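Next up: some structures, all given as structure tokens.
Below, chain A partners chain B and then partners chain C, in two separate complexes.
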Partner chain A sequence: MRKVLILAKRELSAYFYSPMAYVVAAMFLLLVGVIFLWGVQIPFLKIEMEPVFRSGAESTLRPLFDVLAYGLAVVVPLLTMRLVAEEFRSGTIETLMTAPVTDAAVVLGKFIGAFVLYLLLLVATGVFFGLVVVFGKPDWGVAGMGYLGMVLLGAMYISVGLFASTLTRHQLVAGLIGIAILAFFTGGLYLVVQTVPAEYAQAVSKLNMITYFSDFSRGVFDTRGLVFFLTVTAFFLFISVKVLESRRWR
Partner chain B sequence: MIDVKHLTKYYGRTLAVDDISFHIDAGSVVGFLGPNGAGKSTTLRILTCFMPATSGSASIAGYDVFKQSLQIRSLVGYMPENVPLYPEMRVREYLMFRAALRGMKSKQRSSAVDKAAERCWLVKPEDMMHRRIDQLSRGYRQRVGLADCLLHDPKVLVLDEPTIGLDPAQVREMRNLIRSLGEKHTVILSSHILAEVEQLCGKLIIISGGKIVAQGTPDELRRQVSGPSRVIVELKGGQPEQMAKAVADVDGVLDVQHNRAGNWTRLTVQGAEDADLRQDVAALVAAKGYHLRELRREIGSLEDYFVQMTYEQITRD
Partner chain C sequence: MAIKQKKSVSDKPKNRDQKVSRRTAGLNVVISIAAAAALLIIVNVISNKKNYRCDMEVFGRYGLSDSAEKILEQIDQPVRLTSIYTSTRSDRKPQEYLPRLRDMMEEIARQKDNVTVVNVTSDRAKAEVLGRLRRVLDEAASDHRAIIRGAQVLDGKQGQQYDTLTRQWAKYRPGGWLEQFALPKEIEAVMRAGKNDLREMTMKLRQDLSASLPDYPDMVRRVEVTLAELQGRLVGVSSRLRHLSTVPERAKKQRQVLTSAAAAVKSALAKASACIGRENSPLPQDSLKVLKSFAVDIRAVADSAQLAATQLDRFAGDGYVRYARSWRHKKVSLPRLYRRISGDINNIADQAEGLIRPATKVADRQRFITDARQVVPQYLAAAGRVQTAVNTLLDELTKLDKHTQKIFAQAKQDNYLQAQIKPLAELLEQASKVKPLPEHLNELIEKINQDNIVLIEIGDKTGVIGFDEVWPLKAGQQASPGDKDNQQDKRVFHGDSALCAKMLSMTAEPFAEVVLTFFEDIPERSLPYQQQRPMVGPIPSPLLRTVRERLEKANLEVTEWNLFRKPGRAKESKEGPPLPKRKDCPQVLLILPPPEPSPMPRGMPQQGSQWSDAEVEKVRKVISRRTPAIFLTGFLRPRYMAGMTMPARYGFGDYLRKDWGIDVRTALRVIQTKPDSRAPGKFKLEVVQWNFMPLSSFTDHVIGKPLQVRRMYWYNACPITAVSDSKTGAIIKDILAIPKGRNEVWAISDIEAFIEKVEQRDPLEADPDSGDLIPPFAVAVEATKQIENEQARIIVLAVGESFTDYYLQNPVFKLSEDGTIAPEPPPVADVDLLINSVYHLVGRDEYIGAGPAIVEPIKQIAPGTMLNVKIIFGLAWPILMFAIGVVVMIVRKR
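So, the complex of A and B:
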């Protein structure tokens, strides 16, 4: 476990040494700011929202979180694409895997490193929540659930992005694979639901990562959602370890 | 110390290492010699548990490479070819990270890093330890890589092409360092430069096309090469044929060939194995009153042998 933390620390500091973390963080916070002040309209996903921060609006970040759930499907893979792909490209995978660490420790360390960075980004959105607190009376329970949902959703997205990163030595390819998987399980499934026969529609919508998230953002704690997020995260971490191990028998 | 038996490795359908076996004793410096693509790196990667062999077995200090990989990994220091490092880290930070990854306690870590840095001449210039790795020259990167493998004072050091890309002064420094390491550690290094391993290593393993074509000490290998001894003489003062015939009459001479070298005649005198004909030839030359400008004995070079062995392998395939 100590080695996991050592790896996580290196991973996190690597983010801050490269411009990547700053660029993605700026992108993310810009996205949040735009939604917060001006709202968004994406007819394709039936997202149509007023600015979160306007007079007379409900004092909550919920609509913001609902949009971010989609936005993060793009942002998170950009953060995670580096994790393993870069080790393969630069050859450092060789020094890493010949040190006395297990494949699982490597995957877990990288996951935690990226996860901590993600949590820092979430903390930064506190500025916007602060404005809501100053100018309105938010329901703290709903806000807490919303943030919990964001944490769980983020963990799941990161595990998917990390998995994508184990598949290739090219960062960009890893990023695109991650975005593709996440886009399918969020927005993509909406389109599938509309085209499959009604009896399957329900089952398909259960696969949608967003379905579970919207419970949290509404302020409802649903164990189904909790279990869904945690198992999907664990599943992708597990197959990431397996892909990394497969290097040994390929 | 290191035992390899019938090791074979396929990459997909390509055969990289073909049924090799060897044994290395503790405390020796062993050179893996072979042309590019011979299977050196692959063998070293299998030994350091980076990847498994397709078949065969290998063990280091009694641990099996496939089943006890973690024990082996903490026992071995491995510097891969091209020395991959994290470019964004600083030298000291990188070494501290690696020491932590090796499971050292934080107190030990700092002193281990200082010690390794000193052994690998990373202490000068003074800010070296605080430079970013991506700003280092090739030679310094190599030293960082080497310091990394020395951190935990490993029993076995595996260095893949340790001197490639270094300038001549750095090559000499690296050789001296490896030689000094050989006193306490078992060192395996790979190279495609014969002169290098010949000087450094107590044992050579020549590998080509995935197979071991020869192994032994440099002297043993040299003996295999030399065969019949030859003496080269350059003379003046008589007809070439005449001089050749005179030399051919010397006791112990098996064959003489002559050809022109400007005004001089060059004779290649073949003798029996281990014979040294220089004295006899010199005596004859003096008796006949020829002018002599060169007289030397030629021993088959390891270089010839190496080229011949590896070339044979390639043409056979």
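So, the complex of A and C:
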């Protein structure tokens, strides 16, 4: 475990010593700020969302979280795309593989590093919640569950991004693979649900990552969601380990 | 070469080993990943079957209410919920109103495994749903469709027939026998109209059938109306022809009689004329003798003219001869002409007889004879003209042409137009036997085309919940003055109560019976000459149709108990309400205010039975036997008698005061005003508030709490206060109350004086000295007490007139900020107070909808503050993050 933490720390330092973390953080906060304070209007996509923070509006971050659940499907793979792909590209993977750490420890360390960065980003959104507290009377239960949902969703997204990063030596390709997988399991399945008959729609919607998140975002704790997020995260970490292992015998 | 060969021989097993080991490793990986995937699926399936779910909300804004959860627990059948939110109206944007509904529906689906949720947002998906519903409707409306098909077939078949008939009648020989009745053109018009009506009907039917869900009952109604009208016209033509076919024969038979009568008039006149001599001949010496003879002759003329008129009338009978062209001479009918002659001649006869008296001067007699000599020949000429007219009439009626003879041959046998009339009659008969569609399908047809609806399908039943039920308007008038945001029309989410209550009513048997209790004598058929006014109270039971429907939709049975007894038939009067339809079904009396007794003065017979203490006693007995009751009452208008104003008396006023310690102040009217900017501390009344008083200041009583943010309007409310020294032992709890300090609301005592002040635009204020009542007081209360160890419960709602159809079916008029009066949806939410009261009294508090959650929104933010917030948190905060990165990079480079 110590080795995992050392790897996680190394990964986190790498983020902060490179402009990547700051650029992504700035972009993320800008995105959150725009949704929160200005709203989103994209007429040709028929997307019309009023600002979350406005006079007379509901005192909640829920609309923000609901949009972020989709937005993170793009942001998180950008954060994770370099995790293993960069090691492949720079050749440091050989050093890492020969070091006295298991593949699982490598994957877990990188996951924890990215996850901590994600948590920091999430903490940075606290200022927006602070505004809601100052100007309104939010439902703390909904807010708490919303943040818990974001944490679990983020962990799952990171595991998917990490898996994508193990597949290729090209960061951009890894990022695109991660986005594609997440886009399919979020927006893609949403579109599928809209088109299939109602009898199947309910079953298909259970594969949608957002379905479980929406429970948390409206303040409901459901073990189904918890189990789903944790098991999917574990599954993608597991197959990431297996992909990494395969380098030894391929 | 040898070395190479050796090397290759030694490498082969190695490569093979590597391949095998790679394959094994790959297989291991595939198996382990498959196992992990399987494990993932199994764990998730198990967690989906056995899960723990906990709503962590504090305000209960997104989750289901306890009542909704309880209702869902009771539903065993598979349920399909379909939201069809596709409105294009700017005030009903799906993106604004659908997400919350979708959350709630998903929450229901999470709660119950047998609930399927479908969200329809596109026209294509909507068309699919409608297609499915259309199949259900078509199956249920097979009888209706048969009628509609029949009508279409009828048009196809009869359309040509009417064309042929139209052509036939258009070609009717000019001067033919029927022309004298102007009938050919009329029949031609009837045939043409018949064809057009059928064509229009089928076109409209085709148009209606192309609708997503056709209103089959309405279509059948329209088919019935069209066919009945057409049948009526055809039968009219047929019977007229049948009748006319007998005319020529009768005319022949009557010719002798009629011509003789006409000749008799003329000859009698000639005789009378001869009696008095010609105009220029010398006057008779014995004028008395001449006059005597003349009087007799001229009276005979009058009688013969009268006889001729009678015979002509007898000949015409009730039939169509009177419509014959020759029946009239110079626009006056022949009998009438004879009657005129008879009348005039009678006058002459009277004058002649008057001159016969001996005292009459000779000169007068001679003057009369001179005058008569001039007049009588004129009547003789007239009689000649009428006689000619009679002959012409008889000639025309007896001369039948061949074409008409053929038509009459058919008409006599009752065959003419039967080919058209019979199918119409058969289809009408079939239509009259069509069974009405089930109520839920009627509701489906009625509501399916509304904007933004939720469709509920349980088994073979369908229910529709309209937009206003899911998103009722929010109470807006309780905001403090100047709080514009809260005064805007905003809607609150009431979906879980609306959906769950609907599902309950679709699946469960009614769990309580509301007995509408009243004292009314409404004559079944009021004939105009009877002038019998119905005896009803201020809230007549026939005006509670909306309330009845809503109660039934809320899973309650509605029955009636009329306390009225006809005089002399006291035994027929029921001592108690009708027995419940099911044993385990509790009853609640919904008691309407009785009409005030208006006894006749002493000595005059009493008309019918009047409201008395005997009726109160009946109700008292029932309530004391644990049957709860809801009293509907309100402000009662004073009576004006002999210049005196008499306060109206509420029939249950004494009972409520003495037995329950509740003082219903029916002589006072609650009003709500607004601060008058012209006179600080005083108020003004907006006219619309007189009829639509917005008041949702419900207490936390279980009945009223869910209604605290609902938009509710009241009419003619009166205050309720507790009797101060009451020893009834009743515990009174307010449901809807006006708290102390709400100065803009009070109860007025002198309505006339108040209206005068309003008309004169005087500033208003409560005047307790003159009898006005200032808050606190209630307008709806619940009272409980022990009666013979049993707990009796009543609710008094002093807003009774707000439940009438007139109030609930008409728009609310509201004064907008620019001073114009704008209509709003009717105040249907008022009925929820009644439904909640019934639920509470039958011990079903769990079914009382939780009502919209009360959540404090984000405060008003000044534009300057908002700008700062945007700059700091929207721009500076990400820039700061970026700047840190730049600094880190610079430091690292150094």
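Basically, the second predicted complex is superposed on the first by the 240 of 250 C-alpha atoms of A that agree within 3 Å, B and C clash if a C-alpha of one lies under 4 Å from a C-alpha of the other, contacts with A are read in each partner's own complex, and residues count from 1 in each chain.
FYI, contacts are C-beta pairs under 8 Å (C-beta built on N, C-alpha and C of every residue); 3 or more make two chains touch, one makes a residue touch a chain.
On a predicted model such as this, the values are computed, not experimentally measured, just so you know.
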item: Touching partner for A:A25 - first (chain B), second (chain C), both, neither; value: second
item: Which superposed partner A:W140 touches (first chain B, second chain C, both, neither); value: second
item: Which of chain B and chain C A:T102 touches, first, second, both or neither; value: first
item: In the superposition, chain B vs chain C on chain A residues touched; value: C
item: Chain B versus chain C as contact partner of A:L7, first or second or both or neither; value: first
item: Partner chain in contact with A:Y17 - chain B first, chain C second, else both or neither; value: both
item: Which of chain B and chain C A:D215 touches, first, second, both or neither; value: second
item: Partner chain(s) touched by A:S90 [first = chain B, second = chain C, both, neither]; value: first
item: Which of chain B and chain C A:P43 touches, first, second, both or neither; value: neither
item: Doubly contacted chain A residues - partners chain C and chain B; value: 17, 249
item: Chain A contact footprint on chain C (complex, rising order); value: 21-22, 25-26, 29, 32-33, 36-37, 39-40, 43-44, 47-48, 51-59, 61-63, 80, 82, 95, 103, 106-107, 109-110, 116-118, 121-122, 125, 485, 855-861, 869-870, 873-875, 877-879, 881-882, 884-886, 888-889, 892
item: Touch list for chain B against partner chain A, complex; value: 45, 48-52, 70, 73-74, 76, 78, 80, 82, 84-89, 97-98, 100-103, 148
item: Chain C-touching residues of chain A, taken from the complex the two chains share; value: 16-17, 19, 21-23, 25-30, 33-34, 36-38, 48-49, 53-59, 124, 127-128, 131-132, 135-137, 139-142, 144-145, 194, 198-199, 201-202, 206, 214-215, 218-224, 227-228, 231-232, 234-235, 238-239, 242, 245-246, 249-250
item: Chain A residues within the chain B interface of the complex; value: 2-3, 6-7, 10, 13-14, 17-18, 90-95, 97-102, 247-249
